[in-house]
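Next come the structures, one after another.
Note that chain A is present in both complexes that follow, paired respectively with chain B and with chain C.
Moving on to the complex of A and B:
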């Protein structure tokens, strides 16, 4: 397994270089010139040329990319075009942190609602309660964010006046509540379904019958034998979710005025801020690679029948 | 020249401040921000890009007329409360370096942090007043300007401001390493500056320090509009130690002379301005101005008391203006800014190389009908480039008024009268919104009905638009231009003179050029205006543009506890006069 892991890890940089190349090449293919955007509409062409020269935009594409990768290996991801003189990581750092926090609280919401509901529904399989709850959660899942977000704002911020409408002051502040619900609630349906299926699986197991047969209390069986075992597969799924932790949620960030990574990314697209875009891509690809690896390893840990072979 | 930047994202924009203006489609830009001065702006609503100027921002710039109507209540005689925080949405400024400002978002902040010898007022009767200068005199047949600085001027760190600071600032702005995209335009008239721009010198003889309080500036020809250009940030004074020691990010802690100081700035999150204790004039009433940069649902934030001002989206317009609603008391009418929206024709591209064809398109559009039916009279049909209330506005200019018969006549005279042989026509607008400009669609429809001329409308995002515009790849385009400084030069000369870098229509008329050349150096102000008006009339007759609207009036919401907020038609520092009732 050690060999497997290290091989996978060694492949990661190759993956990153290819992914970065893809985004970076947009710079030479896409219309729009970062230097022109920096200089503005009225700029005289000489000024634009000077900026191009300084940014190295006149060099052949591969030269630019090689230089970028060489610097990146030294930890230097370049400077933003849009925010002159601003190091890319200095720019990304605070945004990533906000997105990370936002996603964490959203997961908490998702799990806190989805897992108990899934368990609850499974225990009521065959009654009207199970399909009813599933339907309700499905409806919530289907609601678009641009409906739920304004709706939540209207109710909780404007009518009830409980919570601020916008901004971000950390995952433990009241400002985090509405965005977390907006992102987390639809996901709850997915986890509810996983949990329900997984619980039903466990319910059919002999050890559950045995436990009941031994005269254990319902609560104890539920908690100690059913819920615990049902959660195991869910943990694997959570591993996959890791990749999304640093990702933003554009619409939610826009509606709630959250200074996360999506707004920055969108702006970078419009402003042709390739250093920022490339760094974000590398980060995303890197997270995905790691998450996949973690999930693979988790499988083998949880189910020893799966062997990681290279 | 400011470009309004795009920061925005359309959504953002959309959500954020849409100015009321939005109603018109033109401008609204999104971001919340700023707008300032001049420049072109894209007209489309949705996105916000940047153009120079235009963003519609919200509040800021708009307004021109009748200041008394446009402000939040002025309580005469009362003691104004000091302290308090004024909060609004804004967008990240592309730069805070005065030498690099070309967009409205940056401009509106930079003029609060820095200042120069003279400044704009937004008042048509006295558009320019002294700022750091106590007075100035002009000699040498209009070629030499001698400025006397005020006594005891200080930067916000307490260090003194002298004439040599100005010399250093201007030379630094001109240096190639500074990479100012507009120095040529604003300081290039000063003797010796061109050599610095070209990298052949580091100091300019035209900028002389006579003594600590006296600065003598010599320009290459008597240009009466020169003083107006000095209101632009590139002519502001910066602090040498600050710039040199701060390196590339010196604007993180800018040392300026404006009424406010940059207290903190976290990108994409919030910028806080606090009052400058060393400001030469009356100190600001406010403790702080907080600019929220992360966007959000502007209207909800306003109603939840998280911001003090917002534009009004179309969806909310009816509700907030209903006199039965409490919120209707917050509505303030914002007069139009000095901005002209237009459709520009690339006169080198068929079929726009034919003056008759261009005139036909002009005559075919019933602007009054559109203004009334589509925009509820929030816009005013434009007859030419110079907007009402602006220096040099010509109320007698009739322009190419709607006249179907004349339109058809002109079309018949043009070489593109035959629809089959007429080249395909594409009008490009900047923007990323879902729906392209309503104006453009209505205009296109009028062309179709009156002349049988079919056009395609194409919307591209700002970066692409800008590139195509610079490369003259656009056949026709929809934009708006906002004044940079109070002089007709900012409209007539920079947009239509042969060879001007932003003459995007490639319009070229030797007679117009001759008039402009004469006007640019004419000493008699009355005669000068006449010359510009004459040129303007010829430009209108040649139909390089289809002028659409002047300004866009708008409505904004301002909290009742905010006093002293004004909406001048050009961007001027506004926060120093604002107070918050406790």
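Moving on to the complex of A and C:
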């Protein structure tokens, strides 16, 4: 257990340093001299050189990268090119918090719908209900958020006038409901499919037959023997499934007017504000790596076979 | 009498022969199984229609995709403009058809290079050779997989695109080749590069697993002991066995890359106007804000729904097809 956990713990920083190098080098292939960008168009060469010296742009690439990582660990991601004199973290921090909250509620929606549906469908394998539900959920999964977002606003906010929309006032307010459903519902299909497959695996096990044979009640077998074991393998994909989450939430933030990272990130692309983009991508990678690590360790705690095998 | 009898016998023999020859080839079997499934057959038909429309866009489109008609803006569908016109009086049907073509070009480029070429080559190499090759490819994949998909697309669009564009201008200036920029080649290369890391690793891991499973099979051992070289073993003995999971993964990948292109173009970092793309169309009519999107959905739903329905059908059908192929080609997976 200790060996497995410590190996995973040691590997994650290495992974992040290499991933960071990849991201950092992408950030520096961009054309244009950062110093000139910051100094403005009519700056004299001397001022540009001063900025360049201050930013350490004359140093070798790896030295720059090492310094960047060392500063990043202290929460310093450099200075924005576009908003002069403003710290990247100062710009990004509050918005990132909103985006994370949004993704978190959406994830709860995804799991709360996907897992029970997958279980439900597996228990009805062979009847018309299983394929019908799978197809319905696939139809919802395939529906682009460009449609669901305005459609839900139209129906629930304008026609029925049930829920207020636009803006953000924390993940527990009613404003979070529609965006969370917009992002979370499509993803439910993915978890439904995993949960269905994993439940079917468990259904074929002998201990399930034994439990039934002992005369245990259906509810008890379902809950204790089937659902609990079927949930185990799901834990491993919890981490990885976060990778795709940002794509949907960027669009949804724009359409619902949520003050997340979306607008800042797009601005950064068009205004060539590379420090913002590099920091955002690096932070995203960090979160994903930590999520994967937590999922791996959780799984090895729950299922001893994993850590014994390696 | 005699002649008639012998010809009948010949006919029986030949019919028996054809029946014996028929014990389904691999693809015929898959095709027959596929046709038995109603939903999958439906998906194949829809995809055929969409892809035919896209590939023959120059013939199918009723108007020029960039031709504006300011006398007829935001018109409802009629006999001249089958899906109506947009804010600038451009024909929506023609733009959708050209948009499909854009999506097709991009998905085919990406899937061919990433899943099929890189995934296959690296997966077989890692699974068969093991050792350092295996470790390096798997670790590289892990590094790429830890970067959130869309953030990678954003950063590549921001930093690599200007470089490639510069290169495009350089080619136009220094060689007789012209029209590099206006052909949209830059967009395809940038998006292709951005989606590359997302799509090669999945396919590679799949093929590596499959290769690992059969590399020590008795027939592969036998071939090796007879002195067959590694390239021949890989191509003759390993490749046919890893091709089926690849087909399934390509089918799922087509939908995913199509959606990626639409999202990137929606944000304005994918395919650039005037080249039409479904994502650009959606971005135009919604102006990337909620109020405009709701307003369009209310007053001119056809402007928003035309590109969206196409995207929806593409993703849905590729997934249905992928599922069906998975059932048919990998009975062991069930």
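The rule we apply is simple: the second predicted complex is superposed on the first by the 202 of 310 C-alpha atoms of A that agree within 3 Å, B and C clash if a C-alpha of one lies under 4 Å from a C-alpha of the other, contacts with A are read in each partner's own complex, and residues count from 1 in each chain.
By definition in this document, a contact is a pair of C-beta atoms (placed from the backbone, for glycine too) under 8 Å apart; a residue touches a chain by one contact, two chains touch by 3 or more.
As the structure is a prediction and not an experimental result, all values here were calculated from the model.
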First, second, both or neither for A:256, with chain B first and chain C second: both
Touching partner for A:168 - first (chain B), second (chain C), both, neither: first
First (chain B), second (chain C), both or neither touched by A:292: second
First, second, both or neither for A:18, with chain B first and chain C second: second
First (chain B), second (chain C), both or neither touched by A:142: second
First (chain B), second (chain C), both or neither touched by A:54: first
Partner chain in contact with A:221 - chain B first, chain C second, else both or neither: neither
Chain B versus chain C as contact partner of A:88, first or second or both or neither: neither
Partner chain in contact with A:31 - chain B first, chain C second, else both or neither: both
Chain A residues contacted in one complex by chain B, in the other by chain C: 31-32, 150, 153-154, 158, 165-166, 251, 254-257, 266, 270, 272
Chain C-touching residues of chain A, taken from the complex the two chains share: 15-16, 18-19, 22-23, 26-32, 135, 138-139, 141-144, 146-147, 149-151, 153-154, 158, 165-166, 240, 242-247, 250-251, 254-257, 265-266, 268-270, 272, 274, 277-278, 280-281, 284-285, 288-289, 292
Residues on chain A engaged by chain B in the complex (per definition of touch): 31-33, 36-45, 47-48, 50-51, 54, 82-86, 91, 94-95, 150, 153-154, 157-158, 161, 164-168, 251, 253-259, 263-264, 266-267, 270-272
For the chain B and chain A complex, residues of the former touching the latter: 1-3, 6-9, 11-12, 15, 39-40, 49-52, 92, 94-95, 100, 102-103, 176, 179-185, 247-249, 266-269, 292-297, 300-301, 303-304, 306, 432, 460-464, 466-470, 501-502
Chain C residues within the chain A interface of the complex: 39, 142-152, 154-160, 162-163, 166, 255, 259-260, 262-263, 266-269, 282, 286, 288-290, 293-294, 296-298, 304-305, 308, 311-313, 315-316, 319-320
